[in-house]
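These are the structures, in structure tokens.
There are two complexes below, and they share subunit A, which is joined by subunit B in the first and by subunit C in the second.
Up next, the complex of A and B:
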């Protein structure tokens, strides 16, 4: 467990140390706040617009964190950064789990900053109680990091540095559209994860009062189970890989 | 399990690549070595001989195509044995955004050094490699030699039982080289077994008691230095201030060196007439001359072995 946290720590420190991350978070918050000015253009629908923008941008931020890992891990493996760590008493599976946990923690921190920033802006702009549905939708966005990190790590263990981010982005896009791919039974049968589970934009925007906490709990549980499955497959591949 | 050998390999082979991309020639071909405890082993060979490949196989970074190895009596993929091993890769690379201290702290955590001792131990190794003043600097801004020093620091962090160093002298300044030799000697005193490869033969000769020479993936020879470097002639050391005599003897010498302090070193072939002459001179000038058996230098030995191997390959 300590080993996993040591690896995870290295990962989140890296991203949270980059100043550009905070700059981007600031940009996101400015974009969310500027939705307030679209009252005329959107025919007084600027409140739902703001909620919508906040959820979209939070989702994009989380995806960016995950994609940044697909640059990071293959680079570590290629440059030999990973090999120094892997020759310490650290199993290869532990290394992968550490990477997943690190990504999840990074994503959670960044996503939480955006959500909190949004709530502050919202309260300031409309002076209204923050609806539970809004909070829950943001929580689900954060929870979506769990399966996405596993997808990123999975592709990172066997794909070359150049291709990994692209393939991961495509996989994530597909996973968000499983609903539309429902006709393709084979794909929907569980091979692709269903990230639609975490997407409650419409619900939050148009008057949903509250969703059941057990749904959120189950969605998180599903994410964890899916991650465990994918990390197991990744570690089977990783175990036989030559590392520089 | 206590084993008499720190490292043992049986027909260890590696061919890089996979499936149809597999290379035709193995990078390591049926390597059989057994290194007993308590030795400093120098692993030599020209570029591309397969030294790094062997070390990476021993560290379980790559998987053998054939054969097997044991390190400290355990297979290379045993995670627990790694507590007792220190390893310096051939081109160390560390996360550039971590400071020297943070990096070593992560290593210490992985090595399960208790948190109460971590700080002290990290400062200790940083002192050993003379990097104390750079504790807080980011690794990304380090020079090649500084990275090498941090690499050495992380390798000795856990007071290893076996130290595997892949070209530890690369990038080090003259002081660094001496310091490294000091570290290796120190480790030997503590009972650490050292396995390292290097191209600087003079240093290898000074540090190692055992060597092996690898050529194109095959072991040419392996053994203790004293076994391998055959006796060859007589060495004569003449104290300073006897230049005339030295010049007189020089004519018959194989090699002749005047050292900076004014003393002379002459090497003579095995030849009775010359030996007689030396003995006479020695009696006349007692105290000024010391006679010892002269040994082939490791460098000569290395070139000779590689030359023979090359000829065998071409014929």
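Up next, the complex of A and C:
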């Protein structure tokens, strides 16, 4: 466990140490705040627009964190950092789990910062209380990093450094549409992820029936189960890979 | 190595099974929370960003509409396409229905009603009474400005069919509204009247209201009508009918029946159907002489209670006293009395 956390810590520390990350978060918050000026252009629909923009930008931020990770494993393998790490009493599976956990923690921190920033902006702009649906939707966006990071690690294990981010981005994009395969047992949700389960953007805007916290809990649980499956597959592939 | 491989495979299988079942459950739960999700189009292309796509399309639509002088045959197709795109991405976009669809009413009323009908079926918008109202309104009004081809009978039939369709929408609007607006109720009555008889909708309106009243009276479960202030509406409809068709014998007959049945306890002027007050000798609406009621038989002053406040006359004299009835004695009590008298005699 300590080894896993050491790998994870290395991952999140490196990203969160970069100043550009905070500059990008600031840019995201400025973009969210700018939605307030769309009142005329959207015919007074600027409030739903701001909620939606915040969720979209938060999702994009999470995807960017995941994509940034796809460079890391191939780079470490190429530069021989991975082989150095693996000479220590550290299994390949532990190395991958560490990478996944590190990505998740990085994504959660960045995503939480954006969400909190949005809540402050929203409160200032409309002087309204933050609706529970909005909070829950942002939590689900944060939780979506769990399966996403597993996808990123999966492709990083066997693909070249240049293609991995593109393939990962396409896979994440495709994962929002796998609901069409709901009829195929074990494929839907088991082998193929459905990131649409974390997509509550319309719900945050319009509200509706109250979402139970158990849904969020189960969505996180599904993300963990799917990550276990994908990391296991990645670990199997990684085992047979020759590391210089 | 082999043991580790087996563990990997077992973990994968268990994860697939658990993940699949959990995902199915979550999908169902999400469908319950967002019923309009199944109505959303373009999911594969937009990767979960349908809402922002609809917002962007909405702003483009507003810009586009601003560039048009009016919606006419040259641009109506484009307007419909843009609108359908917005509503395909976000079927809950109420403003797009209200502003966008109403811009189609003159050039493509059929399409406008079709889009609104879809919105009425959307469970997320089940509390919105304005959408069915707009649909009914378009059906009853928009076609008046369109030149339709066909024989007179065909046109009449189409009009009736549209009115029948409008009735359903207005009824939906009334049922959805916690306190229906007056104009919604009036539109509902008018549409029902048009569906019944498009040539004389005033008479049909009174007939519709009277039928509703009759239904309400005959209903054993006392289900209240969806039309509030039914009696007031009946008298207003009767007044309008009398004013519009004063010489129509059928109208006269209907009014007479309605007044006799619905307003049997009220005093109504026979000429203008205005309800007059106690002591009135002439109708204050039309000046017609009316049958006076509620006055003292002695001094003709208006009665405020049992006794006349002007002359002290008792307007409600006591009823003739009833015969005193001997209280019935129970047979057991009679027997006991006989025993007592016998005992006295014995002494």
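The rule we apply is simple: the second predicted complex is superposed on the first by the 229 of 244 C-alpha atoms of A that agree within 3 Å, B and C clash if a C-alpha of one lies under 4 Å from a C-alpha of the other, contacts with A are read in each partner's own complex, and residues count from 1 in each chain.
Everything below uses one rule, namely that contacts are C-beta pairs under 8 Å (C-beta built on N, C-alpha and C of every residue); 3 or more make two chains touch, one makes a residue touch a chain.
Quick caveat, the model's predicted, so the values are computed rather than measured.
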First, second, both or neither for A:127, with subunit B first and subunit C second: neither
Which of subunit B and subunit C A:173 touches, first, second, both or neither: second
Touching partner for A:240 - first (subunit B), second (subunit C), both, neither: first
Subunit B - residues contacting subunit A, complex: 16, 59-63, 79-80, 82-83, 85, 87, 89, 91-95, 97-98, 102, 106-107, 109-112, 151, 154
Subunit C-touching residues of subunit A, taken from the complex the two chains share: 38, 41-43, 45, 48-49, 52-53, 55-56, 59, 172-174, 176-177, 179-180, 182, 185-191, 194-197, 199-203, 205-206, 208-209, 211, 215, 218-219, 221-222, 225-226, 228-229, 232-233, 235-236
Contact footprint of subunit A on subunit C as seen in their complex: 5, 8, 11-12, 15-27, 29-30, 32-34, 36-37, 43-44, 46-52, 55, 58-59, 62-63, 90, 92, 95, 99, 124
Touch list for subunit A against partner subunit B, complex: 2-3, 5-7, 9-10, 13-14, 17, 76, 79-81, 83-91, 240, 242-244
